[in-house]
Amino acid sequence: MSQKYLTADKSRRSLLGSLSDTNLLMSITIIVFFAMYLFAVFALGSGFQKAQTFFNILNANAALIILSCGMTLVMITGGIDISVGGMAALVSMCSAVYLDMHSGSVIGAMLISLGIGLAFGLVQGYLIAYLDIQPFIVTLAGMFFARGMTTIVNTKPFNVQNEAFVKLKETRIIIPGLGSYNKRGEYIDAYIEIGVIVALIVVAALFVFLKWTKTGRNFYAVGGNKQSALMLGINVKRTTFLAYLMCGILGGIGGFVYFMHVGSGSATHAAGAEMNAIASSIIGGTMLTGGVGNIIGTLFGVLSLALIQNIVSSIGLDQAWWTGITNASMLCIFLIVQSVIIARRKKANLSSSRPAEVKGAKK
Amino acid sequence: MQDRSLLEMRGINKSFPGVMALRNVDFTLREGEIHALMGENGAGKSTLIKVLTGVHIKDSGDIFIKGHNVPVHIHSPQEAQNLGISTVYQEISLCPNLSVAENIFIGRGKGATVNWREMNRKADELLSSLDIGVKANQQLASCSIAVQQMVAIARAVDMECSVLILDEPTSSLDESEVAKLFKLMRDLKARGVGIIFVTHFLDQVYEVCDRITVLRDGQLVGEYEIEKLPRVQLVSKMLGKELDDMADIKNDSPSFNETKNEIVYEAENLCSSEGIKPFNFRIRKGEVNGFTGLLGSGRSECVRAIFGADKVTSGTVWVDGKQVNISKPIDAMKNGIAYLAEDRKRDGIVGDLSVRDNIILALQVKKGFFRPFSKAQATKFADEYIKLLDIKTASVNTPIKSLSGGNQQKVILGRWLLTHPKYLILDEPTRGIDVGTKVDIQKLVLKLASEGMSITFISSETDEMLRTCSRLLVMRDRKLVGELKGDQLTQNTIMNTIAGGEQN
Amino acid sequence: MNSASKSNTSSSIISAMFRNQIFIPLAALLILAVFNLIMDPSFFKVTLGHNSNGDPILSGNIISIIDCGSELAILAIGMTLVTAASRGQDISVGAAIAIGGSVVLRVLCGTNSRPDEIQAPIIVAFLVCCLVTMACGAFNGILVSIFKIQPMVATLILFTAGRSIAAWINNNELPEVRDATFSYFGGLIPGIPIPTPFFIAIACFILIFLVLKFTTLGLYVQSVGINEQTSRLNGLNPAFIKFITYVILGLCVAVASLIKVSRLGSINYSVIAKDIEMDAILAVALGGNALGGGKFNISASILGAYVIQFLTTTLYKFQVQSDALPAYKAVVVIALVVLSAPIVREKIASLFKKFRPQGAELKS
């Protein structure tokens, strides 16, 4: 090996190699997010300077954050779950019907939501982990089942009138000191909804789970290489099952948070939420092939998607179709970036010379 | 169970659909010994190890482990770990997306949480004690294959095991790393750990091992102390020929006049991405030659480079005296080269397709997209080769996967003969098939050669090579190390060349 | 072969029938037909009437099945090839139909969204539509074959963007084409009482069978789907073959979108061809084709598509709302994949093995 090759190898390694795949992809997203936000604040002005604009993004996307977290879990194990959007719609509709037509309690509605999520998680997890059926097919069927069931439960969309629920829905948590003045000069407090608190708790809990529990690390191992994980003494089937189970439960929670935000039941609720969740996870640095991903990245993935939609609409492209096109382009770009990164890493590993690497590692 | 035994396996049987992988195999490992498990490809070494580590479940037989009064049943790698058996596999069985430290500690120990600082500290200690130059928090994928292998070894060593299995750990290590590994093995041996060592490198066996168990065709050949089994004898036991018998084999290799016929294929400095050293090669019309060498010596990689099956990185190639560019299989096919691949299941058959489609596939691709054979024409071709090669199949419509191994191989052979190649490469055409078919194939090779086809023949069975080839190219450690012809074509010279030129 | 068939006992004929792929959709069709026959024999009634223009028209459930099932059957052709070669499915076909339909209307309407006369010949509109949908297919194909992204995820991009792109092509306006000739494609040609889509579908079937007969597409696609490594060693270019199947699916989408927009003379971006990807995948599965790729049988897929339309029509007849249909179909899909899962099959086979010797003893 020539000296020239050695140094070239070393410099590339210190750039790319010092970061793990997870951190590299996540850093890209976080940087992109802040760059976009700065751009928005300085170039687009007024709206983005208010703290409430940011909180509104959170309020509107709390449910999506929770759903995306579930998606990230299964994607880390190398799977996918596209039933989360349908689940959210079914959960909203069931809760709405229970609250209004059966005059049920809010707690009861929450339990129903969790129960639906649990049921989906159990069935889908069993089919995928223990019967070894393709996750995409199983959850595609799950999505259509959920959407169909939503219509069967109740056809017409309606707003929930239940007092206890409306009170809960309209609870606003005031953030002191970050309010702003409206056109008439009145001070308006900045606020977030309860759903945001739930979402942040979920993010924190899952972050801890993935980072500091053995089960969480097993998720990564299974996604990294199923066969190896088995050889390393991990119960692969149980781990996979658990991922879908957790995703199902999070689908239930996310569905309820969505319901708290919109306060109505409808078969068209959360349309395309699964695609947004997948896109958010991918943008947040979760690799489709599994084994790479981070909850914090997912959080920023959701925020980036929401932010870019806000930016697109505030620069005048406010027609409905821009949402779909921006989402898809973001997804496409990040997918290709991932694909290229994987290919380059593979190549680098194959061609790198042994002595050069040992030296690089030792330095 | 004997006093000093750590592990005893008695009468182990294991079959896979269509194959009896292990037949009544015994194996004993004693305290503080390094025990080599030897055998050619398909001998059952890997299967035996996977039975021991719970990856495969044995069909019958008993496994005794020291400290357990009754035979143990191992159903998963986790259970094997708990019994004190730790393993380093041939293919690296670690997760590339995790850090080095995690790969050492995942799936082990009690408790539900991960203490990163403690884990990294322990891992760093372990790595430095083994003199492995990586940091514990580095991502495994960013390490070289050799370092990854050392990490796998570190994990296995750290597990407080009584039995350590090393399944070809050295294939990706360089000399200094191998030396490190051997020092480690001797240390462990001194502590009373029993080590099962699988390798294809004979030097290494004689450097560290105390005892050798040889397997062949899924059966136990015998257990030997290292001093009592000279190198050439070991090779002969692995290949299944007693040295005494070998003297008796008449050298009836076909006479072939080197210079009379024109050169069909010639390559200079040919090299592929699969890590072989550049080599020169040529073959004349009607010649049968062969690549020989132990498994992993690079014999398959050479012919794959000739056919363009792997990425060709350098070399100049002439076919019939004209310089040509062969970078992918279709180029080779258009130049009249055919290649029957080593791994029939992975590279040979198209399992769900019928015998007919499997036979016409290569010729069809060569003929072109818009000129399909009619069903009648295809059936005619298929019937012709079914008859010619005596393929036993219910009909031409039978899916190839339901045929026996030997008949599958004949179908693939028929596929390539149908393209009427000038130059046919056969990589292990006789592996895992019955004796009758083996003889058929050898006869066919000689017949084809007498009709003017050039053939390169690779086989793990030396007598097959001797019977068919007029010239043998010997590979060792991915390098072409010798060429034998004429009087040199005897079992003894071949074995000596393979073993490294040392006489017993 | 001959001697074997001569010596066939009745049981082996039945087992051969079971093994034939076409058996599954045929059996499903039979079950549905018998079910309808028992519930309400008038389901099969076909009447000859006249429409407002005085042209003869056949009406009845059967006619509506062969009419409405056409797009699905055409898509099933392409989906079968994609499934076989790339071992995954294209979920963007519904969105691609929206794009294709939008393009057709855009070309026909020109700048005005509701012209009195069409601004370009229909054939031009169709050709442009073909180009666009084939480009969509090529986009998916490149992601799958070159970037090696799993098919379903790669096609997710177009699935997300497709309907938005369709709206964008027409500036979100709702163009309307009131041209008699244009309505023939999705309706009736005067004097012929059978809906035109059925004939278009037949034409597509004939075309694909000719292609399969006069090219080696079928062999190549199956070979790549079953064993990519072997295919490469036999001189094929697996990436290119996968790519080609996506382009062919794009062509199928073009035909389907022409029929779809011709039916209405207009387009609703979010509703047109909704959930058709699910039905197309289901048709492939119902045709007994492995969703994991490999061997395929296009006739079985086509039959599967009509079975699904049969099921849909039956459900409609029992007052099931169109939005609730997916739930029922999802149950069918899960049942199918569970039954075809290797693990389940092995279990069933071992169950049979356990019972067979006992049965033999009982007989003796």
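To keep things simple, chains are lettered A, B and C as they appear, and every chain counts its residues starting from 1.
Please note the rule applied: a residue touches a chain if its C-beta (ideal position, glycine included) is under 8 Å from a C-beta of that chain, and two chains touch if they have at least 3 such contacts.
For clarity, every value in this text was computed on a predicted model and none was experimentally measured.
The set of chains touching chain A and also touching chain B is given as C.
Chain pair with the larger contact count among B-C and A-C is A-C, by C-beta pairs in contact. One simple way to say how far apart two chains are is to compare their mean CA positions; for chain B and chain C this gives 45 Å.
Look at where the CA atoms of chain A average out and do the same for chain C: the two points lie 32 Å apart.
The residues of chain A lying in touch with chain C in their complex are 80, 127, 130-134, 136-138, 140-145, 147-152, 155, 267, 272, 275, 278-279, 288, 319-325, 327-329, 331-332, 335-336, 339-340.
Those residues of chain B lying in contact with chain C across their complex are 307, 309, 328-330, 333, 339, 341, 346-353, 357, 361-362, 364-366, 368-372, 394-395, 397, 415. Per the touch definition, chain C reaches chain A in the complex via residues 88-89, 91, 143, 147-150, 152-154, 156-165, 167-168, 172, 275, 278, 281, 291-292, 321, 323-331, 333-334, 337-338, 341-344.
Per the touch definition, chain B reaches chain A in the complex via residues 53, 55, 76-78, 81, 87, 89, 92-99, 102-103, 106-108, 111-114, 116, 133-135, 138-139, 141-147, 174, 273. Chain A makes touch with chain B in their complex at residues 13, 17, 20-22, 211-218, 220-221, 223-225, 227-235, 291-292, 345, 349-350, 352, 354, 357-359, 361-362.
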